[in-house]
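This report concerns only the one structure given below.
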Amino acid sequence: MGWSMMLSGHRTWLFKNEPVIVSTGTVGGPFEARGKIPEDFDLLHEDIWLRQDSFEKAQKVLIEEACQKAMEKGGVQIEQVQFFLGGDLINQITPTSFAAKTFEVPYLGLFGACSTSMEGLALSAFIINYGGSTCLMTGASSHNAATEKQFRYPTEYGGQKPPTSQWTVTGAGVALLKDKGDGPKVTSATIGRVIDMGLTDPFNMGGAMAPAAVDTIEVHLKERGIDPSYYDLIVTGDLGHIGREVSLDLLKKHGIKITEEQFQDCGLMIYREGQPVLAGASGAGCSASVVYGHLLNRMKNGEFKRMLVVATGALLSPLTFQQKETIPCIAHAVSIEIGGQKT
Amino acid sequence: MIFFWAFVIGGLICVIGQIMFDVFKLTPAHTLSTLVVIGALLDGFNLYEPLIAFAGAGATIPITSFGNSLVHGAMQEAEQHGLVGVITGMFEVTSSGISAAIIFGLIGAFLFKPKG
Amino acid sequence: MSNNKKKNLTPVQQEYQKFQDEREVKRPVIKNCIKAFFVGGVICIIGQAIQTFFIYNFDFTEQTAGNPTVAVMIFISMLLTGFGVYDRLAQFGGAGSAVPVTGFGNAVISAAIEHRTEGFVLGVGGNMFKLAGSVIMFGVFSAFVIAIVKTILVQWGGL
Amino acid sequence: MKQRIIIFSCIMIIMMVVSGCNNTNNTSEHNKTNITNISYEQKKDVNTSADVENLLMEEKEVHNAIAVSTDKKILIAVEINQMERFRLEDIEKRLKKRIEDQYPKHDVDLSTDKKIFLELEKLKTKMNENNLSKKKIKEELKRIKSLSEELT
């Protein structure tokens, strides 16, 4: 096969060799345990500290456990894993790097804010598709308290959050990919552009990220030359109520026929009504744990066959916010399919 | 009676803060800093003391009274020692609030862990 | 402020912001104000009760009872912060819990507790006034300017 | 976690009860002293203080007044009506002036502070009950006055 055939359009990769998600590992915290999908987590913790002495160390443990679960379920030893691609939101992605130190696997650290999960999956599929590896792991994680501390105020500080703000997930999701095997296949990926619509409110991430998601979805459909109805489910990472509504309306405005039921958001799947999450969930661990846990389980149960995951990320830091910069956003789309071959 | 007015005036000052949060979209730090400056200005025009006389804790508990006390301490010393007093007397009245915050902050750090 | 920013935006950005604004969930300003009024009012009543307690039971006058009252309020704030109640109270009460001196205490104490993992010198010591520092700075500076002006007016202006 | 919440709520309840009790105790005490005041009329030096009290009670801003005097000093505490409290400083000055004009030979001190009011009430009750010596009264007045002069 030629190189040109792999690239469809400007920024969509087609994975003809169909890398397989052999197994996944998802770990959640206490808040997730009381959410809507606790049975889809492999491991849930009652203690937000995970018996560590800092939130950052707790997040490191989240990743380690998710990796271990994925390897356990995939029947793979750590020596067989050739690469680990991952990232998170904390200072210079140290939790992921420290977890990689524990495993001593060749490691690529990624930062795409909350889009890290799909950034990692797209790159992993690419590497495997080109024969760069036969077995690797990719994942993303976030920890509510560590993220609050990093991006907003101390966790115990009394700051009122507006209804547009979102709740960072305490959780990690890791996928183990192989070139051959049973399981859902990664068929294509569209890499996002950084899109900045000039929004500045750090408590309204959904509204800021929606245009990035819309852009990536549109380009993906166009470059693959398919109709939205090709997918049973188009699921965004963590847009929340506002972001989902905005992007749905925006897609309709751009003439893309997409139904309400077909267009879902991970940030609205993880928690129950009544949990104080305001506009929904967010964080790198949100899309990672929901996709690798809940959604792949549903896929394996035959509920649907083709899904497009569009993980969105807001590429801001507390520094840029304080320097009055706007919020640039990105979204990466990866299609995951099971069973019946694509046309 | 003083309890009623403490409730009303204290509540109203908080409403001003809430409007600054929600309508002007200020961060808590911006809002509180502005309120402190407002308190200091009010005392500059001798308007804050009557409010305290009227509403008691309704005026002394909100952060505006911090600005008021700073000016008050500075003015007291200034009356005795001239301009130098402005600096030496600054924390005369407010020292208890700041030292209490530091001491209890440290004790809190010994006793508690954040709950997340 | 927002108008100034709008000028630097491209038409596409402006159009999207309008589009987004229509769909954004607005802050319930009136409801928040009522909640802030009650929470703030109740905190002030508690303050008044403590102050009255000091006046009746110790050698404090209305003038001097303010100091121990503030200290007790900050102590209460420490307990509420430490037990993880204050942030929930604040989500309900908004400015009602932030504006009273307990909110100042909460800002200092929450930062102290949070950064304990970085040690007592660099963590607690260095970050304690991370949030409350600006209040002190602006308070002190404005008080300085006002007191200087007032002193000059009183002493030399014969006011 | 749960344990801590329980402990904490206990502390809160205890604090509330303690402060609540004190308040009620004090109000009852307050009422009592007002009653004893009436039966106090015959003592020496009383005329001055009673006159001062009556004089002040005539003022429309004054809600309640109490005065204790020796031959040289008068120490007065007044309670001002709530709605007039905005002009507390002016009223205080005016009332003081009025008493000073009336008793030019006396050294007049007037306070609107609740604490001074309470202390004077206590002193009056004591004077009423155990017939305090003049020296003792002077000492007490001096102590109360110093209390009112404390600023911070």
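In order of appearance the chains are A, B, C and D, and numbering begins at 1 in each one.
Note that in this section a residue touches a chain if its C-beta (ideal position, glycine included) is under 8 Å from a C-beta of that chain, and two chains touch if they have at least 3 such contacts.
Small disclaimer: the values here were computed from a predicted structure and weren't measured.
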Margin query: Going by the touch criterion at the top, tell me which pair is linked by more C-beta contacts: A-B or B-C.
Written below: B-C
Next item on the list: State, to the nearest whole Å, the distance from the C-alpha centre of chain A to the C-alpha centre of chain D.
Entry: 70
Margin query: Between chain A and chain B, what distance separates the C-alpha centroids? Give it in angstrom.
Written below: 45
Checklist line | Approximate Å spacing (C-alpha centroids) for the pair chain B, chain C | finding: 9
Next item on the list: Please work out the Cα centroid separation of chain A and chain C, and write it as a whole number of Å.
Entry: 37
Checklist line | Sites on chain C at which at least two other chains make contact | finding: 27, 32, 49-50, 62, 67, 81-84, 93-95, 98, 103, 107, 109-111, 113-114, 131
Next item on the list: Mind pulling the residue numbers of chain B that touch at least two other chains?
Entry: 2, 21-22, 28, 93, 113-116
Check: Residue numbers in chain D touching 2 or more other chains?
Finding: 151-152
Check: Chain pairs in touch?
Finding: A-B, A-C, B-C, B-D, C-D
Item checked: Of chain B, residues touching chain C in the complex -> 2-3, 6-23, 28-29, 31-37, 39-41, 43-44, 55-58, 60-67, 69-71, 74-75, 78-79, 82-83, 85-87, 90, 93, 96-98, 100-102, 104-109, 111-116
Item checked: For the chain C and chain D complex, residues of the former touching the latter -> 49-50, 52-53, 55-57, 59-65, 67, 79, 83, 85
Margin query: Per the contact definition, I'd like the list of chain B residues that touch chain D in the complex.
Written below: 1-2, 5, 49-51, 53-54, 73, 76, 92-93, 115
Note to self: Give the list of chain D residues in touch with chain B in this complex.
What the structure shows: 1, 82, 85-89, 112, 151-152
Next item on the list: Please name which positions on chain C make contact with chain B in the complex.
Entry: 27, 29, 32-33, 36-45, 47-51, 62, 66-71, 73-75, 77-78, 81-84, 93-96, 98-105, 107-114, 116, 120, 124, 128, 131-132, 134-140, 142-144, 146-152, 154-155
